[in-house]
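Across the two complexes that follow, chain A remains constant while its partner is chain B and subsequently chain C.
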Partner chain A sequence: MMDFQRIKPHLPWLTLVVLTAFVGIANPTFLAPSNLLMLAGDIVPLFIMALGLTFAIYIGGIDLSAQSMANLVTVIASIYLASMGAFVAVLCVLAGFLFGTLSGVITTKLKVPSFISTLAIGGVAFSLAQWLSGQKALFMDASQRDASFGWMIGRTGIIPNELFLAAALLLLCLFIERRTVLGRALKAVGAGELAAAASGLNVARYKILAFALSGALAAIAGLLFSVKLSGGAPTIANGFLLPAIVAVLVGGTPLTGGVGGVLNTVIGTLIVAVIRASMLYFEIDATRQQMVFGLVLIAAIALTIDRSKLRVVK
Partner chain B sequence: MYQLKAVDKKFPGVHALKAVDFEVKRGEVVGLVGENGAGKSTLMKVIYGAYQPDGGEISIDGRAVHFANPRQAMEQGIGMVFQEQSLIPNLTVMENVFLGQEAQFVRFGVINRRAMAAATRRQLAKVKLDIDPGMVTADLSFAQRQLVELAKVLTLEERVEGDLVILLDEPTSVLNREEVELLFGLVRELTSRASFIFVSHRMDEVMELSDRIYVMKDGQVVDVVTRGASDVEAIQKKMVGRSVDKEYYREPRQKPYDPSRVLVEMDRVRFPGRAAEVSLKLHAGEVLCLVGTEGSGREAVLRTIFGMRTPLAGRVSIKGREVTRFSPRNAVEQGVGYVPRERKIEGIVAGMSVYENMTLSQMRRYSGAGVLRTGEEKALARDWIKKLSIKAHSEFADCGNLSGGNQQKVVLSKWRSGGSDIMLLDHPTRGLDIGAKEDVYDMIRDMSDDGVGVVLVADTLEEAIGLSHTILVLKDGVIQQKFDGAPGAKPTLFDLLHYMI
Partner chain C sequence: MGARISRATLLRWAPFLVLIALVVFFTILNPSFFSLRNAARIALAATPALMVAIGVTFILIMGSIDLSMEGAVSVTAVLFATVFLQLGGTLASWAWIALPAAVLAGAVFGMLNGWLHVKLQIPSFMASLAFGFVGTGLALMMTGGDRIRVEDELFRGLLTFRFAGFPLMVWLAFGFVLIAWFIQTRTTIGRNLYAVGGGEELAHASGLNTRRVRVIGFTLAGAFYALGALMAVARIGIAETATGNNFMFISITSAVVGGVALWGGIGGVWNAVVGVLIVNVINNGMVVIGLPDYLQDGVLGLMVILAVVLSTDRRLVSFVK
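The block that comes next holds the complex of A and B.
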């Protein structure tokens, strides 16, 4: 057991290396740089959502509204691109930020646990998306999309542009986590909320900000997704939530919070990408994807959770 | 009868029990005393099966036994009466007494409540408690609950063949004098049915009740005293390892405070759930000690000054300015620092480094536009690590891995480095070894020299008397008496106890 405790922090990247080698040996084409870059580019919307979720989980909470938030934003982007152009991005991020703030306020002021408050807010977002879209799939005008957001999706050389967006957001989040008062406060709240409060920190405000960040990043994920698909629908991003949570937890940010962070989520997302790709190679039907992620999630939590932090599990 | 031989127990970084020999004879009451951290609770846990020893042997009547958990120990007749009461408040008395043992009353899958009530009454009779077994436990008084707990353990008598050993962990800490007498009378009578191990920090009570007393220090049994063979002072000396004198509490360093500078004033403050009003003043350079039993209102005073609670009525002023919004953030801005009793939960953030902990309360001072200047943070931490000789490999060390004394130094430097001049200390020496305690006492004197006002809730009465300029005795939220604690004219233990209970 002592040894397992020692390797535990290294488990995420070891898993990634082993999985990659495993799939690579079975299918050497998998390791071709162009293939890897394509896979990485495809996973970016999921990565951005997971990046946001990392903040919610880092403080010991969860954000179950991320997927509905992304759905809602695909609808908003598709509807208002025509009238607002590139500024629709501001509207999208603002919507995500506000919905996240709302979840945070409900969690901290009304003391509703975050898994319920975000589930409920997710329901609200989903309904709003249905209402705005008239329950139809919406399409963006291709030329308008390219004029405003074309830079997000093309390629530079052989590198998909999504990767630059992902890198920029990662750096921003990393900076927040490592260098700012907000990041330090979130760490303190995750690792020892009572001590943070007894040090005079405004714990509620920082928690609300964590959910707001999660919402804003889910919105960016939704925006990118709708740009990629050139349209939106209230259910288009369904299937994102479970792998995004898997990415955060498998990456090494536990549900109890306080450790891990956004770099861990990079590893976690890559693990998800490899699992997803391997299902293609091993001819596992796409309908079974969620089942696989569900099982991975249970296994990852059962293996890594710090039980000393949990008194009872309900 | 029940015997431990050379029992050893190690935890990471701590050798908690060092070759402890311990014996309980039939019908005997054995006392167990020692400072906090001496290994009393570890020994208790080994005895009732919550910990498994790393070495040594446990035997009952010469037969070696091994307990994997408390349940197995119970099956061998070892019962524990918990200090913080293991009864479940929303169950009835009888449900609590037979919790986990309901099978004997079950007929066709249904509990025969009448049989259970009758059996409970028989158990309650053993502790002379005449209450309805169908009462909800939460409605009982504290002393009654303690007796129900004892009755619950005494059900072992019917379930187990052979002798009983019952552990009493600080059973008197919240009882008044009459209740204590009642309990002691009961224990003496029950020695015909069971042996007792009695753990308490009240030396006089241990001396009164016990046939023999084990004195522990640093994980070892340093002496076994038979009744009447020693006095309180001699035992205390063995517990501490040397005589406890005035030097210990740094009394010669106690200087008069400045009565012209009032830092905190509470004027007829009323707390939620209390009818009484509290008024007090804290001056610069003063150590103001709040003395009272658990629940006497000491904590309410501290938490109100720190803004964690809002009083119902009255005025709280900090440095002459009335507090209008009670929040820890406001209090911290006014220069209030809080060293909580639960050091590991509220004091430090385990998983964060020494420097991150030290600046947690003052990040604004070490940041610009929300971006931290970590270089300055680390320099501050290095400075205070040196100043207080904190034993940490560097400012990057995880606070959770430091020893209790060093964690406490980190908490103190968090506030002192931020210039807090009103310090609220809640059991600041709890669980620290002697050396670390003396460091804390020195720091308190240093603070007084710097004109800091200290509100102290001490770990023991001796500590309260030794350290304070002023002592306020609280009972049920009311200030009963105020004592002056100038060196040479300090009140005695008895003076204080008289007003506490």
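The block that comes next holds the complex of A and C.
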């Protein structure tokens, strides 16, 4: 008899494979490599945001400012590309890192739950974006954009270039998670904050860093998004937040902390991408897609989460 | 009775004091803020959100969270409007049945939500987030993206008929607050919610069927979301998929600002009332003092942080997530 406990950690990617096969059997063109790669390339901005959120969720928190952060960065990138060129990327990431740090400080030092603090900081980012943009949509000069960030978009062979950026960021996050003090500390905080504090860990510092990372990655997501669209606006990335959270959760990083990680988010994002794409292949009416998405999501989450580490399910 | 007010009392009343301070603050900046007309405007804007915030407060007391309210509000609003128009489109006919039917539908929606969370052992954050999509999706499916107008004068009387300066729905909402308060303090259900929120394992060990309590809590919340939906439809006269938009963050923020703890067992109905009033006073006050609209989200965010900081007992909280 197969031991179910041993399969459990593999459920997220098994779910992905089953879903992909399910769509593929119904419509084999879905499985064409170029199609799958294009699908993956399209979801990269969402993936990068989800990657950042993973750190916040991994410690048992949440970052609801990610979408507003990405919005703000599309505005910053569009305005300062002309004067700063490729260095605008530094400004963007720095802005994300600082806003994230601010959320982290408010959460840890002022003891405001991250649900509220990040939402509030998201409001501040939104106001800043509106002020900077003059509440208008902004456009990048196409030649300037291509000169500085052209490498991000387009494709090499059949591989969309976004995927290289995604892979690089994934490796970086994987390195942080598995091979740095920060990664180990976040695991300790997620698994049990009181125990981590009692064993002398500077919990506040690492939590702040987790939010800062989340902010920085949301900023990169925003930058890529503005490059793809060649412009920015204070609401252009709206609609990203919930799918990004869903991607993290469905990958198997529950909000209780200490379980899952960035690799889970890769699987989770792809699950979201496949579910969305399947709507087209099964020709589901536009007015029904949202409901089907919700139902499939419940099934996927029920399959993927590892309950063995949840003491009480709240 | 000492002359000194104890620290505990002060903290208990902190959200209310924050509310008073805000009213004084905006009145000083613009005296026209403090008028019956403006009070009615604030109360009216707050009413639908208040019902939703009370609903989610029941969930927060249990230490769970519910993110399905946008879906719940949309689907019950659309369901109400559809049934109401089918049965004659005026409260003077059998169409009045649509009102209790909508509340019942909200309760069933909440029950399913809680049942999924408990049966499938999915944390409420995820279960309710996904189930919220189902709700919004159902509303979209029913309307096909169209708006449904509800123009019955009797029903809109909730908005247009005023007593002592306030629209009827504000008084009605007050009545529902009292009912919620009664449920919270005078019924077994109310006590059980606190028992689960205060320590689930202990409650379970003392023989409480905690799973049943959870489902009941979500059912109750669903009924209040439906009340919020009815008020929202009465206020703007339209039911659509977007009716539920923005209720999620605003209702949870309000509850927390009012002093309901996200980790369970602390706060109650009156905290939700004060929290919703704080958020709506800030929103209204910013307009009254003429703050540029692009600044309003940021200022609201900062003031919310300030309000939460002022009303949290940092001695009791060892860490926050």
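To be clear about the criterion, the second predicted complex is superposed on the first by the 274 of 314 C-alpha atoms of A that agree within 3 Å, B and C clash if a C-alpha of one lies under 4 Å from a C-alpha of the other, contacts with A are read in each partner's own complex, and residues count from 1 in each chain.
The rule is short, and it goes like this: contacts are C-beta pairs under 8 Å (C-beta built on N, C-alpha and C of every residue); 3 or more make two chains touch, one makes a residue touch a chain.
Please read all numbers here as calculations on a predicted model, not as lab measurements.
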item	value
Chain B versus chain C as contact partner of A:114, first or second or both or neither	second
Touching partner for A:194 - first (chain B), second (chain C), both, neither	both
Touched partner set for A:11, first chain B, second chain C, both or neither	neither
Contacts of A:185 with chain B and chain C, given as first, second, both or neither	first
Partner chain(s) touched by A:131 [first = chain B, second = chain C, both, neither]	second
Touched partner set for A:258, first chain B, second chain C, both or neither	first
Which of chain B and chain C A:37 touches, first, second, both or neither	neither
Contacts of A:279 with chain B and chain C, given as first, second, both or neither	neither
Greater residue coverage of chain A in the superposed arrangement, chain B or chain C	C
Intersection of chain A interface sets (partners chain B, chain C)	194, 197
Residues of chain A touching chain B in the complex	179-182, 184-185, 187-188, 191-192, 194-202, 258-259
Interfacial residue positions of chain B with respect to chain A in the complex	306, 308, 327-329, 331-333, 338, 340, 342, 345-352, 356, 360-361, 363-364, 367, 370-372, 374, 414
In the complex with chain C, residue positions of chain A that touch it	59-61, 64, 106-108, 110-117, 119-128, 130-131, 135, 193-194, 197, 203, 242, 245-246, 249, 254-257, 287-295, 297-298, 301-302, 305, 307, 310-314
Chain C residues within the chain A interface of the complex	62-65, 71, 116-118, 120-127, 129-138, 140-141, 143-145, 200-201, 249, 252-253, 256-257, 262, 264, 294-302, 304-305, 308-309, 312, 314, 317-321
